[in-house]
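Both complexes shown next keep chain A, but they swap its partner, so chain B is in the first and chain C is in the second.
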Partner chain A sequence: MKRSKIQWALAILMLLVTIGLAVASAMGFSARDKQETSDSMQRMRNYTVLRTASGALVDEAGAEAKKVARAFAKTNNYSRNQTNTYAAEQEALARAEADERYKAFQNLDLDELDAAILNMENTLGAYYDLETQEKAVYADAWLAAQKAQPEIEEGAEETAALSAEGEGVSEESMLTQSVEVDYSGFVPSAQLAALKEQTEPVYDNLYLVMQKAVPELRDDMKEKIQPKVMEVTTGADRSFEAQYDRYQTVNALSILEKGQQTSMRLARSAQNLVLLAVGALVMALTIFFYGPLKKKLGLPRLIISLFFILLLLMCGLYNISISGMISTVLWRTGMYGVLALAMLPGIQSGISLNMGMTVGIISGLLSTLLALQFNMTGWLAFAFSVVVGILLALPVGLLYGKLLNRLKGSEMTISTYVGFSYVSLFCIAWMLLPFNNPRLTWALGRGLRTMHNMKNSFGQILDNTLSFNLLGVHVPTGLLLFFLLCCLLMWLFSRSRTGTAMIAAGANPRFAEAAGINVNQMRITGTTISTIIAAVGIIVYSQSFGFMQLYNGPKQMGFVAASAILIGGASTTRAKVSHVIIGTFLFQGVLALGIQVANALISEGGLSEVMRILISNGIILYALTQTGGDGRD
Partner chain B sequence: MTDVNKRDKTIAAVRGNVREYIVTYVFLILSVILVIYSGRPMTDILQQVMGRLSRNLFVVLALIIPIIAGMGINFAITIGAMAAQIGLLLAINWEIKGILGLLVAAGITLPLGAVFGFLIGSLLNKMKGQETIGSLILGYFANGAYQLLFLFIFGKLIPLSEKVTIVGATGVANTLNLTGQVGLHTALDGLWRVPFGTALYGVSAIVLLGAVLLFAAKKMSRNRFILLGAVAVGSVLLYQIPAVQKAFSMANVPVVTFLVVAVLCLFNVAIMKTRLGQKFRAVGQSRTVANASGINVNRVRVIAIMISTVLAGWGQIIFIQNLGTLQTYSAHEMVGLYAGAAILVGGASLNKATNGQAIVGCVLFHLLFVVAQDAGRNLFGDPAIGEFFRVFISYGVIAVALVMHSWKKQKAQAELSR
Partner chain C sequence: MKGELLLPHEYILEMNGISKEYGGNAVLRDVSLKVRPGEIHALLGENGAGKSTLMNILFGMPVIHATGGFKGEVLVDGQPANIHSPMDAMKQGVGMVHQEFMLIPGFTITENIKLNREVSKPNLVSRILGQELESLDHAAMAADARAALDSVGVSLPESTLVKTLPVGYMQFVEIAREIDKQGVKLLVFDEPTAVLTESEADQLISVMKSIASRGIAIIFITHRLNEVMQACDTVTVLRDGKLVGTKPIKETSLVEMATMMIGRGNEGMNESAARSQPLSGKTALKVRNLHVAMPGENVRGIDLDVMEGEIIGIGGLAGQGKVGLPNGVMGLYPAQGEVTLFDEPLTLNDSAASLKKGMSMVSEDRRGVGLLLEESIEDNITFNAMQIKGEYLMGPGPLKIKSGRQIRQHADKMIKELDIRCRSAAQPAGTLSGGNQQKVCVAKALALNPRFLFVSEPTRGIDIGAKKLVLDTLVDLNRQQGLTVVMVSSELMELRSVCDRIAIVAEGKVVAILPPDAPDADFGLAMSGIKPDNHQAAGQAAAEGEQLP
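Here is the complex of A and B:
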């Protein structure tokens, strides 16, 4: 463990940065409790309220000047462009002038203003609290009502209809669609309305005080500026940061003294500084332990782990609800976990990454379709799908294993294309198979629909079993237990006699052959188990996702599963159960967090999809290069 | 006695031929069946096939060199297509019209494709024996980088004109139009078009003349001379049948495009006669032997991929100028799959490919493409089935070729160890 000088220097530098940031944030937090700070805050607030009032006057002056300018331009026959420029100029001038005029507040009785604002704040605060509560109740009811609606709209389905080439519906975009609650039907309760009534006299009082400070403020402007004043005095969010940001919209900080400004800034960013300090600490540790970390994790895994931590910190910086994020990551881990587990027996038995696990997935889809065809619901439907799925996957897996035995050395290439061919063959089959339940088939034309809603059969049946909320984190207990149970079974199997023989056959076929193990038999066993788990995996995925995707839906599943297990630390020849769990969590975590952060950074879709493509294929490429230059030819 | 011997020999030769080209023959039969069931007039089908040939053949020919160098089917040609799309985007952005615009795009593709090819080749050198899957996944990976470039870097960090972006949204527009004002649509095809008959007479005359000259100079064997002469004269005679002439009446030949394709065919033949070509072949046959005889195997492989990537880029330019629109985010996605399937249909394998196989494969594959939808509607009452069948055939052909290649290799190994 030798470290270069640069490494030492960088590590120490980052450590110093960490300490600096930590001290700064501690100062910021302590500043929040100081009397000075709350005084400054009060001054900023008063300024903001008065500026809001005078802002209305400035607007008025500007509009007036514009009108005059336009009239002037008309009488002088200005061209359209000239008129616009002239009017804009005049407006800006008038605004600047008015701004200057109303900036100096006369006869300001600070105590009176304070009292009035405080009164307003308390009354409004009570109102907002109740409103937030009632709205939350409404949102829950609204969402529940939305869920109860039987099918997704016909139209949405048609647009996502058949496309044989390309990827069809982007899964990532389906997973991340956030539901906007429609508040148009929200009716405030009597209590809330009463609270609203109470704010009126309080506002009247405040307006009087404001008129004293800004005498030009006329009575008829009262209604107009009310919402604005209410907004700046008390928003729904009353944390230190939110208040500060509200006041800062009119640059209220500029009225404070220099030193005071700095301490206010520090207090505002205290929380962010903590996050930055953690980030710097992680950097310092990574640089210091770069050698062993790289050796243990490999470069791509190290980068992905760091990326995961970075995303977590960014979530903090952008005020993204951490508990909500953890819920999503847990959900997605359970959803994809079993599929990723399907890679494990493949790698262990020596057929490397089983990209052709889609043959198992199709079996799972078929059994689910059967359950839907016979209108089964609940646990019966789930159990039926799993059992029939396993029965269907068994012969397919055996045959597929036999095929792979004749193609040793290039299994991954061939299994990828066999998988693709199988998926596109079943694209034709979905059109021709004699399913006739109207819930499954297109209303017009022939064939099965692309997306099937699982709500009326076994959608979310595992997710909702024993699920509970802990500190805002929604834990889908049933789903996670099912995933862990599958992992446990695989672990027990790898301990059994057959299991150890299979792993030995995969790790070193020649040695295993010499030890009397039937390598071909073991490879078939591994492939078959992999196929069966894939069938179960897609059923778990569909119930969790809420939709079953046919046609090109399963095409990329092999890649998702392969990247998950590889990120967890597996190679194409060696894998453990722990790799599946860690990898799925990390991969899905990076994706789920990345989407949220990307949305906060730039409000543009598509970045998450790009990230998935890069990470998923990047890790597979890395694994391929690790198989060694002249390896398997 | 000698007669029987001769007959046995012929039968064995035919059997060997059928075994080697089984995929091609199956495809031929399948195509004939689907052409009959599609119910479309021959004139229409032939016109379509001719159009598809002119835009797809170049890319298929770009696959030959890596196959000879033993790197399998280079699915990373999608990356060459991406380079070409960058070139086209810039040509549209700079408002360069006509053939000049295409030349600018091709000029940009050359260095880009060469650099990308160098990177692809270097990476594939780290996964020898897994090049097919490696290049496929590399193509997917590059697609991610491409989306990143076109969505978030072009238009934001690299300013572009309003012609290629959407106001109010980030990134390059979804569809770039090459027609009308842009003036790139059929900029190459439209240079010189002749009816099929004229083209046939011209090509036959050239082939005949060339064959006579080469035979006179004793550079060609007699069998080959007779074969070429028979093909040239026979096709001209066949064309005299009114029904055949009528079937081809709608087919138009873009002469310059096919000249470019012919130049590439000649290039593919000529490079094999050079020292570099010999190295390609040596590396393709056995890396160990090539290495022992002092060839820098890795370098030769990288060069093969570089050539293939640049050529594929140019092929994509030909493809898009013929099509007239550029689907910015998806035009490159299927390039590798369709080209790979086409060359395999023609009877190429993972370590053997010729110009002839590429051309035959391209004709058969696109013939099937043209008729699959209508056949699907007539046989199953839904054109979508034909569409799915096309995709299934593409993947299926590659899977079968891979399986057969692997089988052959295992058999050879088993015999060797015996």
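Here is the complex of A and C:
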């Protein structure tokens, strides 16, 4: 493997950057353990506590000045505008004056303050730790109760249904939203209450010390600033970064000397520097092994993989839980995997990307509806849905395959068209089909509802099977196993006589004909299998998602599945099982991480929604430009 | 000739000492062509003799200049002509009548003839905005078209849409367009009679003669020696990129022209090992009145008997239908007729049936039909055997999957036997060289253990060393395993070196079956569709005891 000079130079440069960043972060971590650092931290904390206290006084002074100004304006018959301006001016003036006054804290007995704050911190820390524990127990119980009581949120479900009705995209936002636990029913234990009791005298003590430093603090303000003071002294998160950030909100760093400031900053960024070092190392390795990597993965997959790593690192930078994100990615991989697998036999049999897999999806929806109609639950419902779904998809797939044979050469267009029009056809059908279980139909009028909660049928049945937590990562074992089982079956099929014949027919129809293979028959076989897998795929998807979507819900599924397999390295004429697995993981990973990172970058609610749409459709667009596959000649 | 005295130069076109290489392969070596005004000059040669390259040079086709130009000089009217593009050629008065019609079907004859050379007259808009917007002078254009049509003897109205014309007439429109061009001195006809009926061909020849009588020289490229005798004044023969000779027609004969075209004598003939046992004399394959609709290689009623254990060659020029025979019998293209294999009737249009009966084929289209380029060598080799015979599978009942171990064993054996150069049996077939790909194709055909093997163009596009290996393999298979081989090839040399008999196909029919040591003239004549005076050929064949009743 030959490498160019530039490649060497860049790789060495990146390696040097990596080493530099690693050294810096090591320095940062070691600085955390130093006495100086904890002293500095202590000073920052003291400053912050006092600033919080004086902040209340500043507020008060400002409010007082405003009141006086308004009264003055009234006696002098000021106009409304004049009054407002005058009051605001006076308020700002008073605030600035008070701020200046309390900046330099007089009569400061640091030792006393330190002791008081430390005492406070210890007591409050114990309290917070216990509270976090108890709340976690409560949250688990609450979630369990939610599952057991399915129809409790009838109203919420309807709203979700409405928002998901327009385009398939909104469903993405539902996937990324975490469930908000309602803590209104939380009752603290006796032990917790006792701990809380203990904090009171400690706070009284602290307040006395604070009063010494800032004599203007009146007794009546004690209750008012208590929560604020408690929060800055000891937040729920007591990591170095969290403390630093908390104190930095009042710019506590400015009271330190220059040298100390730098070392504190370094200590604060130590963790981020590690992430940057990992990023630089990945870059260095990528540049150094660019040739073999590109050959092995293909450029598109290399880019997507690097993007995936970048997003993971960014999650770290933005304090998004990486283990939580990996859980999400695993879950989404399992959820969408079978649907992406449905693309495989289509490509292999030569009908290109089977955008008309919605034909199969609707068969799966129908069978699930039947299971719901007859009030089936648990594994029986799941098994029933899968078996009936396959039986329903079989004839539809055969007919659809015959149609595609009639229109050879423009399968992509035809299948997209068929997919869309089939969805539209069933939009009518959902209104007319004679389902009459009140759980399925609209409360008023006829027809099926758009969203169906799977909680009391077989929602999460696969996800929860054998699932476990490992290092904070939730592994939906059953879901992943089912996906891998489907992949294994497809792999076995691709090695069977019919399977090899089908792949040959797709790759080179004339070769297949020369071997006496009925190419049309093979295309029908491939289309039918694709349709059947799509039916199973939507059942797996629905149980995992927890909701089944009718009407326009399945419209976009073809694009999502096609994007996944293309990103995995398949071309429109050649695909392997590995492309499905890698592709689904990368596609869903980039999507889930990308949306989280975008949310962190732009916290503005509306904008993050726009970002989310941009990312999900952007990846689909990028994937569709990769129809050439992994570029091996 | 009439125009001769008026023109200052004896030759209207002189191409002197032309040499051309494509990537180190010499395709033309020191070829000269001299054409007098008003003469019809035939350019003869087998496929690959260099005719097209010579004409590409004359027309300054981009492909010539993109591959490093050529050596030698081209003179038009005695002046060095710098022809760098077809446009330059047109300006020099050199025109071409294409084999495929370059006409727009939805336009009238007039519009086609005058396309891009329209006669126009100024109007109000064009006076302001320029010449581009002048109106068409339909009357003048129609008159020009009429004159051009009259000169080629077509009486159809010039306003007829081209798409409604019979195929033969399209050829005449094409010619009329060339004649209509101002200052045309030389016209090249590239196999114009290939698509014409006999009477149309006769008409074309008389048109050519009348054009020539007006002083326009014609270069006539054809395979039909009869037409050359009938129409031409002079003939130039090329072979393997070299000039064999230029002769006036009056001083030559059909037989001589045929000899010049083939002209390798008996060099390197049948050097293969002798057969240990005489042939059984049984008929392996009997073909009666076979028609195959293979575009470009239509078969129009072939009768052929193949003896068990022989290697029979099928020769002929490109496009005459020799490739259609194996493709038709193997069910790759729609076929009609009667075929019996080892006295059992064969279902046509069913590849699986042909393969199951023990026939196998190495396709001429290696990359298109022969191989799955992205799949491994081993999967390619065993594919047919797995599909047809259900071999290389393991597992219970209907749930069989392919057995990687058995496949690898067989592939490794074949790689060793046929000396396929590869890294491993798992290498994708598309990454191999042409010769090695061909060996994989042979291995694939052999994996079926066939009784009867079709090999179509086995040496096309592979280097000399690989050619010899492939041919040796075929001979070995025939000699040691008694495999009956039908070998289709455009290279007569190759057929003569390997085959027991050679059937020459022209215009979709077997013209003659010749022994490999028949005179060159017989082969040449047969290739142009003339049954050779077959006293001696028949005599020789009879002596070998293989002549058919």
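Everything below uses one rule, namely that the second predicted complex is superposed on the first by the 542 of 633 C-alpha atoms of A that agree within 3 Å, B and C clash if a C-alpha of one lies under 4 Å from a C-alpha of the other, contacts with A are read in each partner's own complex, and residues count from 1 in each chain.
Note that a residue touches a chain if its C-beta (ideal position, glycine included) is under 8 Å from a C-beta of that chain, and two chains touch if they have at least 3 such contacts.
Being a predicted model, the structure only gives us computed values, none of them experimental.
Asker: Between chain B (first) and chain C (second), which, if any, makes contact with A:Leu432: first, second, both or neither?
Answerer: A:Leu432 contacts chain B only, not chain C.
Asker: Does chain B (first) or chain C (second) touch A:Gly259, or do both, or does neither?
Answerer: A:Gly259 sits against neither chain B nor chain C.
Asker: Answer with first, second, both or neither: which of chain B and chain C does A:Leu614 touch in the superposed model?
Answerer: Only chain B is touched by A:Leu614; chain C is not.
Asker: Tell me which partner A:Ala515 touches in the superposition: chain B (first), chain C (second), both or neither.
Answerer: second
Asker: Considering only the touch criterion stated at the top, classify A:Ala504 as touching first (chain B), second (chain C), both, or neither.
Answerer: A:Ala504 sits against chain C, while chain B stays out of touch.
Asker: Scan A:Ser424 for contacts with chain B and chain C and give back first, second, both or neither.
Answerer: first
Asker: Which holds for A:Thr413: it touches chain B only (first), chain C only (second), both, or neither?
Answerer: first
Asker: Please work out whether A:Pro227 is in contact with chain B alone, chain C alone, both, or neither, and reply first, second, both or neither.
Answerer: After superposition on chain A, A:Pro227 lies in contact with neither partner.
Asker: Between chain B and chain C, which makes contact with more of the residues in chain A?
Answerer: Counted on chain A, the partner with more touching residues turns out to be B.
Asker: Counting contacts the way the document defines them, which residues of chain A are shared by the two interfaces, the one with chain B and the one with chain C?
Answerer: In the superposed arrangement, which is not itself an observed complex, chain A uses residues 632-633 for both chain B and chain C.
Asker: What residues of chain A sit close enough to touch chain B in their complex?
Answerer: Contact set of chain A toward chain B: 162, 164-166, 403, 406-410, 412-414, 416-418, 420-421, 424-425, 427-428, 431-432, 445-447, 559, 602, 604, 606-607, 609-611, 613-614, 617-618, 620-621, 624-625, 627, 629-633.
Asker: In the complex, go through chain C and note every residue touching chain A.
Answerer: 330-332, 350-356, 361, 363, 365, 368-375, 379, 383-384, 386-388, 390, 393, 399-402, 428, 430-431
Asker: Show which residues of chain B lie in contact with chain A when the two form their complex.
Answerer: The touching residues are 123, 125-130, 132-134, 136-138, 140-141, 143-145, 147-148, 151-152, 169-171, 287, 330, 333-334, 380-382, 384-385, 387-392, 395-396, 398-399, 402-403, 406-407, 409-410.
Asker: Which of the residues in chain A come into contact with chain C in the complex?
Answerer: Touching chain C from chain A are residues 492, 495-497, 499-501, 504, 507-508, 510-511, 513-517, 574, 632-633.
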